[in-house]
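Residue numbering begins at 1 within each chain, and the chains themselves are lettered A, B, C and D in the order written.
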Amino acid sequence: MQDKKPEIMESLERVGVTGLKTIVMTNWKNRKYNFVPEIELTMDLEREKKGIHMSRLVESITECIEREVEIRRGSLEEVERNILEKLKERHPFNHAEITMETDLVIPRKTPVTGKTTMETYSVAVKLSSDKGGYTKLLSVEVTGNTVCPHAMNKCNGRTHIQRATGILEIETSYENRIDLEDMIDCVEDAFPSRVYTILKTEDEKRVVKEMYDNPKFVEDVTRGILRNAKKRFKNCRIRARTVSEESIHRHDVIAEGSCMS
Amino acid sequence: MQDKKPEIMESLERVGVTGLKTIVMTNWKNRKYNFVPEIELTMDLEREKKGIHMSRLVESITECIEREVEIRRGSLEEVERNILEKLKERHPFNHAEITMETDLVIPRKTPVTGKTTMETYSVAVKLSSDKGGYTKLLSVEVTGNTVCPHAMNKCNGRTHIQRATGILEIETSYENRIDLEDMIDCVEDAFPSRVYTILKTEDEKRVVKEMYDNPKFVEDVTRGILRNAKKRFKNCRIRARTVSEESIHRHDVIAEGSCMS
Amino acid sequence: MQDKKPEIMESLERVGVTGLKTIVMTNWKNRKYNFVPEIELTMDLEREKKGIHMSRLVESITECIEREVEIRRGSLEEVERNILEKLKERHPFNHAEITMETDLVIPRKTPVTGKTTMETYSVAVKLSSDKGGYTKLLSVEVTGNTVCPHAMNKCNGRTHIQRATGILEIETSYENRIDLEDMIDCVEDAFPSRVYTILKTEDEKRVVKEMYDNPKFVEDVTRGILRNAKKRFKNCRIRARTVSEESIHRHDVIAEGSCMS
Amino acid sequence: MQDKKPEIMESLERVGVTGLKTIVMTNWKNRKYNFVPEIELTMDLEREKKGIHMSRLVESITECIEREVEIRRGSLEEVERNILEKLKERHPFNHAEITMETDLVIPRKTPVTGKTTMETYSVAVKLSSDKGGYTKLLSVEVTGNTVCPHAMNKCNGRTHIQRATGILEIETSYENRIDLEDMIDCVEDAFPSRVYTILKTEDEKRVVKEMYDNPKFVEDVTRGILRNAKKRFKNCRIRARTVSEESIHRHDVIAEGSCMS
């Protein structure tokens, strides 16, 4: 049925499965990770075919995940490349893409008392396969804050402060090794201060001091992310976005920018 | 089919439609409102009946909304009572409930420059019909902020500030007139300061001053909402909840309480 | 403060407000509409300026909305153009964008019994201002269904059916008049059958018959949307996406395509 | 500061942290699980105290999670009891509650071809500590489908089918051992058919056959969940809720019920 000619002859760019949640285990820098990512896997469809064989996409995911358990490959993009290669054997395509969105938990130390905390970040890894090879798009989402320099100036050192979210996206070749942990650092270092799950009073005093010593607009945070990423990663297309949940407004403010490195 | 005996004989408490979005027009204190609420309408189902007649629930909503356009009833709970009465004529029940969730837009003035702003609030009105008559549950959700008194004390007047959401729920008899606008005031007055969609520099200075002059934990805001509501509304069951989107943490902090008036 | 040189000199593409909810009233084909859209308004920021003046963006929205009440302009893109023109007077930019996302309620008749129902659609209108003038991106999201032709073939006329969502986006010049209602028709006509808020038994029989007479993969629906839009609208960039909430899987399936007309 | 008398003297029922995401590792029936749950931990606050010490709540979570890695306790409620006991040592309370929401991935076999699939379920475990001891509330959310018996009857065996979600909640004493896997079975067995991540053509034919042989309203599914749970679990308060994403409507239909066992 899928191989029949469709009534309307029009090629499609992305056909596949989305919102598929499954378990993915990797071994990355000698630490084991168990993720339950949300996966989207799509391929193009030529104009003469009515449909794709959806179950082959899911089988490619499942088989690679099982295999992965044994061979313990490393990064999420390595797992994804295995899936796209497996898919290629089962189902022809010109273009295919796979995205995994998941939580990444990283242990940290609080700034003064040195307590261990576990900090959780949303990350996404997308791998695209074209005639010319593999391209990846890595993305991290990091919680921080903004501290208004304008209000601080007008109100004798008092100001409004709020939670903000910084997002860094990097598009580059498959071979260009970029660690998600380093991308997260680029974003955290662009905020007035880092945030932590535990803060004892002495830690909290430090965080507040950093906020006031280092006031930043949402525009400043985005520029900081761009600069940090440009310094650290080469041969990349870099995109940054910061959203500040204003404490004096119902709405948010945003700043987006991009550059090449 | 719905009136057949079901294989498993077990009465059900709430059967109906949910997530139904439609238009509701009312005339409230000589101002016309057009809402597009999300509606849930349910009724109980006795153990000997396989199912309810879902289309009658939807017809009760639709007819009342059409009628409403003409007779221009006032509050959302009046519209809801019409719907439950219409439903009663079409489909027997012991207990039925209807909830409408919508946005309420209220014009305000900024605190210093007096500019007009439109402020938007999430509100919900639920009406329950039982043997004994009608009971309503009114709910408003208001954006504000918290300003940490503990950090202010430890950091010489500096502190962390963040957006917070205050929720006030009031359960009372249908006849007890309670205005959603007054409920919103109870919540807004419990925050360190109100928030506004527009703030010119002089307004922003005032808001920042109020924040620092009036630092509050999430617990303080919840207690303030309870006190304000207890003073203003009589013969009610009152519930308050505040969620503060901490600017120094990834997680939120909450405080919930309740009282009778 | 905003006009100072920033520490990091990097131009930004989109700086502004997001998630701002307010009331917008229009008069469109002699019918009055009251929307409470969610608005995003952004502009570019040159590398030598630390920040934009956020309150001027909000003022541009507020003033135009007030004015709108009086002059009763028509489409959402006309309201948006007024806002961007107002903004241009207050704050220089090279590029600015405004998006309004809202619900659109349209009265329909059920297919057999001819009952009036109110059907609700998510729509978005985005207007971009560049040196060369205005470009718009119109988007509608419509609920429908898919009916698997493969299973129908293998199971003697039985098959799995599920709710699906079709999205049509059209990018064109400001001057090219495209009605959101017509875009919605293009999507609804691509499904196996339309869906309705009320269905009496005779209506339901018709809808079920249409489903079985007209089985469609998610790929077929997307191709149908593309064809319908290509026929109806000229000088447009057209993009279609269908998501099917499979009744036999936990995950969804999708199909996306695009074309020019 | 937290121990000061508050301006408004009103006791609060639930004060604490919410939306905290961290890693929890357990060893359950000789299988290791790595969860990244979303955690809410609250306690009551007496009327004479201004606030609680939030960092002690987070420390109780963190320490137990670290300890957990070593001692490899079993169920999520065991981890939660450790956290509440740890909290009791640090911070006095009358009532405290902890909830963990996470994904649970379970391997299954497809019905005909016997392929291994990984199926993912949303689960939540809440533990409450009161004077009288511990009570738990277990919850599972399972994807399935509904198949309309009314339409099937009126349309000669044709009908509308759609994805549905079944939720089972069980409240019982801490000591009453209830496996989340068994709760999931109670819900899956109440649907017309189970759903699977992979389905080869022969599997899909079986699933479609089960759907048509076993048509069910949303009311039937809820009653089935209640019956299955009542048979399997004793001394429980049972609550079931099914939401059906109608393929012929924009809105959903629901059925809720409860019973004791």
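FYI, contacts are C-beta pairs under 8 Å (C-beta built on N, C-alpha and C of every residue); 3 or more make two chains touch, one makes a residue touch a chain.
Only a predicted model underlies this, so the values are computations on that prediction, with no experimental measurement involved.
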(request) Could you see whether B-C or B-D has the larger number of C-beta contact pairs? (result) B-D
(message) Farthest chain from chain C, going by mean C-alpha coordinates, please.
(response) D
(request) Could you give the separation in Å between the centres of chain C and chain D, each centre being the mean of its C-alpha atoms? (result) 35
(request) Could you please state the distance in Å, as a whole number, between where the Cα atoms of chain B are centred and where those of chain D are centred? (result) 26
(message) Where in chain C do residues touch two or more of the other chains?
(response) 20-21, 58, 120, 150, 197, 199, 250-251
(message) Applying the document's contact rule, which stretches of chain B touch chain D when the two form their complex?
(response) 1-2, 6-8, 10-21, 40, 42, 45, 50-52, 54, 58, 149-150, 153, 217-220, 222-224, 226-227, 243, 250-259
(request) Quick one: which bits of chain B touch chain A in the complex? Just the residue numbers, please. (result) 119-120, 143, 145, 150-151, 154-155, 158-163, 193, 195-197, 199, 201, 204-205, 207-209, 211-212, 245-251
(message) Which residues of chain D touch chain A once you look at their complex with the stated criterion?
(response) 20-23, 34, 36, 55, 58-59, 62, 65-66, 103, 105, 115-118, 120, 197-200
